[in-house]
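Going by the order they are written in, the chains are A, B, C, D, E and F; count residues from 1 in each one.
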Amino acid sequence: MGSVGAKEVPVLLDAEGRRIDGRRLDELRPIQIRAGPLPQADGSAFVEWGANKVMAAVYGPREVHPRHLQQSTKAVIQCRYNMAAFSVDERKRPGLDRRSQEISKVIAEAFESVVFAEEFPRTSIDVYIEVLQANAGTRCAGLVAGSVALADAGIPMVDLLPAVAVGKVAGAIALDLKKEEDNFGEADLPMALVPQSGRLVLLQMEGHMTEPELAKALDLGVEGCKVIYEKMKAALRERYSVRPLAAEAA
Amino acid sequence: MGSVGAKEVPVLLDAEGRRIDGRRLDELRPIQIRAGPLPQADGSAFVEWGANKVMAAVYGPREVHPRHLQQSTKAVIQCRYNMAAFSVDERKRPGLDRRSQEISKVIAEAFESVVFAEEFPRTSIDVYIEVLQANAGTRCAGLVAGSVALADAGIPMVDLLPAVAVGKVAGAIALDLKKEEDNFGEADLPMALVPQSGRLVLLQMEGHMTEPELAKALDLGVEGCKVIYEKMKAALRERYSVRPLAAEAA
Amino acid sequence: MGSVGAKEVPVLLDAEGRRIDGRRLDELRPIQIRAGPLPQADGSAFVEWGANKVMAAVYGPREVHPRHLQQSTKAVIQCRYNMAAFSVDERKRPGLDRRSQEISKVIAEAFESVVFAEEFPRTSIDVYIEVLQANAGTRCAGLVAGSVALADAGIPMVDLLPAVAVGKVAGAIALDLKKEEDNFGEADLPMALVPQSGRLVLLQMEGHMTEPELAKALDLGVEGCKVIYEKMKAALRERYSVRPLAAEAA
Amino acid sequence: MSDEVAAEILQTHILDLAAEGRRLDGRAPDDYRTVTIEPGFVATADGSALVRIGETAALCGVKLEPGKPFPDTPNAGVLTTNAELIPLSSPTFEPGPPQPGAIEVSRVVDRAIRAAETVDLTRLCVTPGEKSWVCYVDIHMLGHDGNLIDAGMLAAVSALSGAVLPAKRFGIAEADYPLDVQHLPVECTFVRLGDTIVVDPTFDEEHAAQGRITVATDESGRVVAMQKGLVGAFSPDDVKAVVRRAFVHGDRLREQVRGARR
Amino acid sequence: MSDEVAAEILQTHILDLAAEGRRLDGRAPDDYRTVTIEPGFVATADGSALVRIGETAALCGVKLEPGKPFPDTPNAGVLTTNAELIPLSSPTFEPGPPQPGAIEVSRVVDRAIRAAETVDLTRLCVTPGEKSWVCYVDIHMLGHDGNLIDAGMLAAVSALSGAVLPAKRFGIAEADYPLDVQHLPVECTFVRLGDTIVVDPTFDEEHAAQGRITVATDESGRVVAMQKGLVGAFSPDDVKAVVRRAFVHGDRLREQVRGARR
Amino acid sequence: MSDEVAAEILQTHILDLAAEGRRLDGRAPDDYRTVTIEPGFVATADGSALVRIGETAALCGVKLEPGKPFPDTPNAGVLTTNAELIPLSSPTFEPGPPQPGAIEVSRVVDRAIRAAETVDLTRLCVTPGEKSWVCYVDIHMLGHDGNLIDAGMLAAVSALSGAVLPAKRFGIAEADYPLDVQHLPVECTFVRLGDTIVVDPTFDEEHAAQGRITVATDESGRVVAMQKGLVGAFSPDDVKAVVRRAFVHGDRLREQVRGARR
């Protein structure tokens, strides 16, 4: 959101309703999703979304570390969202800051809302999300990558979890903010949808919106998630369809 | 104790032997003790003592965390004395500094000297002391609060632990120093007494006193502890007498 | 190695091929080794080597802490190389920095290469090395001290581990660098030898050397280790020969 | 083991009650517990308030000290929010560095304070790029019976509302003067219990809940922060309904904050 | 338990193969896996490269920021190397502060960069004693199939080779300009498998190994760093032979670094 | 288990002996073990001493460096005391951050140094508010057979007594000069064993003890610090008696410190 006392604000919306990168208000940035790029992981995915690059890996179900977190009736879902030192304009000190810890928590809760954790008592399912290049919307990109990685790992889930942020930019509700829009816009509202049930398992907001704006933002976000959902399924189909070929080649 | 190179020292003792707040040398600041203010704890107490506000809670006997501290023949007494960031003039960084860790240690040892720990092998009795507003003498206020909280939790003990600090101010031995006296005085000697045996289970000193001054300080402190002891018992009596009423109301 | 932009370099080698302290290129600094100085440890050694003072203690085989490091088929060798705050010119903050952690790792691996660890499954053998006064070559001094301490503790080993650093100083390959030589020289190559097999179990290098220089350095280091080996054996002989006397005295 | 069984029985009971629109403590789904605000609780703080929501208690102390503005906002003061879930206040809190739960409370309260522009940070600048006030908002939880975010937020905004800049002590002005609080954000938290969404959950309700959602509103009709937490899901229509309810509760809570000012 | 048995069988098999000069993946003892270098992978970095050695992957991002020179080297910039063995990249890596393995990679790569004078640090000085560039070399491991040191080193030197000083953004010069890389150190790692010493070990070979040795060389025929690791031993003759081989591999790897520059 | 039994038997034995005024090592209750002080043990320190009390050993190194005075004491230097109970010196010490035991030693020694005004800190000021000497007193325990506080204190005061300000190296004066030590505090520690209070406890006596008490005195007849530790209690009369004995031992120990100066 707009920093207090910051310098000149760029023109975020032109007279024709085009955004800073030429998109319409309800238009997503380009997204590429690749399932299975990391051979060492049980499941993995790489997401390029606008100028974001995010890698996710899933390990598990496996033994719980540290042991005292073990639960007798279900798997523990652990999530670590981390930003590489070089992923942002000003170098970030390595290690999880408070923002990363909060995001790790809400992403873990989102995944726990869809994974059939009771099928794997006394185990841990670990989702690692690494932001390699950041340009607003990294937690949503991380959710998408983590969700595809969970599917790639064969973890049973209610559904995939498409995610997107909706924002308010120059007074208008806009889908999928990029960095300048996030920095100088009025609000940011990331969400993750369970397409099957139409319910949200992640929802955060910061900035300011009126009630009608918020309603509009929620509806726009749900539509955005549906588009992303198709791309996620396509990435997994491609992964499975490639596998037999690779097997033949071997 | 007096900081090196500090500014003008206030007049700590007037011609009539009155202290900065009008007290006599052997006079305590006003004390209010309330037992049981925290419903979630097994025992609790709130102490207002001069301009100090200190809350204590007791949990246990309960499972020991971390496990390797468990003792097969008795309960472990763990104590955490902590100062809130806003409890002092200059904001304190959250978390236990070295001073708080030392005080936590000597308070834990004081309580362990009176609790019948062997009645609860393999358990932990945790005493949490939070200083919300500080004005010299917080460890003594914490001991008083913690001791009443232990009694409120029904932990069997040899006796309650009244505590008070004696100091040296403008050359005179004085009971229960307040902040200015502590900052500009010559010595500070906090102690905790087992009234039944007349013995001290906590005793620290910093500053400088001659042998005769020290002897006088010890005697004055013991007398002060006896006064506080009565207030502690009164607080517990009040707590117990209120309980049946509350039970009836339910 | 030479700091970038540092001040005037001293004359490290004179016209007669003498070094800054008068030594020849293949000459060691004086070494004193004492086995068993620490009565509380299972084994110990104190090494004065040039202007280095290094103490080592061994504890074990004993229970492994933390427990999850325990190995079912052999002892874990844990090593902690630490520099005292006052051991160097500019005061060092207490605690292990990254350099100390790296050295602890390679020393532990060196010891693990010669200890018969499989004789003590599920235990830990802990080697503590404290640098009290540093003057280049402390990791080698630590290896020598730790190795004698292991022998003093009666831990079965293939052999003792003599160690020494070879360096390049004013273009020449020189044995056992002292501080000025290390600071202003061109290369430093610490190594630890298993005399029986003639093999190296620790080897590091930083700086720059040509292939022939490196070969020469390796050979010079092996010769240096052999000299140190004799001093280590002598220290242990002295220790054992003293023991019976002490026993008689008791 | 019997603890787990007891917890499960309690959870089932809470959900059964909720299905009939009832709650364990007799409240209706949209009933908020009694809130009390005690401003000025801590004399050593520059502003403070002790807030109770039922048996949940949050103590906030505000400290104001001269410091340096951030390089990218040279004309603004600095505000930082920290919540400590000290082990004194609940058997479920552990000593040690802040856990994710404490960090979440800090950050959600911080976001609302910031997004609502509660404090005009530019007015905390003393010398651009050189010197500005640093405003520490420290929240100490003193009792946990659920709904920590709302309690922390009310304590923070109440403490800020009564805060005084110690300008004289630090030689910045001739006299101390009150901190200017220009907006009054409050958070309002709900949990899902089956098909019922209840406001102001207790500790036990949070443990039985299938999703938690918090909405921060300000007095000008704006939503300034939201946070979904815990395992569970909400439909967009749930969210819209909850936002509506958050404004109603928010306006009432704001009245209390105003009334407690002194 | 069966994991341990399986590991032991695999180890024996690797050693048996090595005794015949063979390896699990069909390589000869002196075969290095296919290396790919993808420079400029991270747009937010001032220089970057993604390096793959088989299924080992290291991503290095270089960031350049104005800072203060160290008091004892007032005329030089500052360079700092950090490797993160993030748990994403291997089931054997754990979250938390850097473990000794990560520290070793950081330090061995750092030593080679420094000893080879890869970057002329005096050219990173802006105002002596006052202001200089700080060059952060951050290595993020993205896949661990052995030989992390070589991968990290290649990523670092490739990222440095393509780095641009953001002098304009920080108002230090009129335009950005490339970082001057004057030497090209590369590391080459070997492990002992019985009497055979193989180059570029895989994860499984490292676990079967009886000693690891790394030799860093530069393009001018200098050895600039060495590191023996793991449990095991090498004779001086082993070391000399390994140094020879390190130069051969090093020259080839340097060609790849040069070829990848853009 | 047998360890615990053995410990209990030893404890009983120590208490039985004490009841007869005897001790395990043959000392009388008021006998202090042999103390040796070796000043100048560490050449890299600006002052140092290795102190042994029986088989307890404490090495103190003092380092003096230019730094900044604290804002509230602009005319004074800074002194900081740190004791490290390194795992080398006892099977009971663990690696890692300082435990409460180490912190207690640091703080009790620090209090005595400070309260006795051992070093006149105003003489460590170079430029008021700008520059002053920082005096680091680092104590490294090298052997733990009980009574760490006394050993640490003796090492600290001996190291300070021989310390030299490296004024020339830091360009603060033309020549180095000795640190001015104006008072000589020493600590004297006792433990209760039943009705007997013994001085200078060993490790085993500390484990059998029912309370520990330390009294720091200086050469001018002042008590400058006290600390009761461990589980156990002392009557006010016990304390008075112990203070008396602390002065007697203190005067003798001070003679040793003076004698060791060079």
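Note that in this section contacts are C-beta pairs under 8 Å (C-beta built on N, C-alpha and C of every residue); 3 or more make two chains touch, one makes a residue touch a chain.
All figures in this text were calculated on a predicted structure; none of them were measured in a lab.
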Count of contact steps on the shortest path from chain C to chain E: 1
Required steps from chain D to chain F (each step between touching chains, minimum): 2
Chain of greatest Cα-centre distance to chain B: E
B-D, C-F or A-D - pair sharing over half of the C-E contact pairs: A-D
Farthest-lying chain, centroid of Cα atoms versus that of chain A: F
Chain centre separation in whole Å, for chain E relative to chain A (CA means): 31
Separation of mean Cα positions, chain B and chain A [Å, integer]: 51
Centre-to-centre distance between chain D and chain C (centres being mean Cα positions), rounded to whole Å: 57
Complex interface listing, chain E residues touching chain A: 41-45, 48, 55, 59, 61-63, 65, 82, 84, 86-91, 94-95, 97, 136, 138, 140, 142-145
Complex contacts: residues of chain D adjacent to chain A: 4, 72-76, 98, 100-101, 103-104, 106-107, 111, 114-116, 121-122, 125, 211, 213, 218, 221-236, 238-240, 243-244, 247
Partner chain D, residues of chain B touching it in the complex: 38-41, 51, 53, 55-57, 59, 62, 65, 80, 82, 84-91, 94-95, 126, 128-130, 132-135
Residue numbers on chain A that touch chain D, as the complex places them: 1, 3-6, 72, 98-99, 101-102, 104-106, 109, 112-113, 187, 189, 194, 197-211, 214-215, 218-219, 222
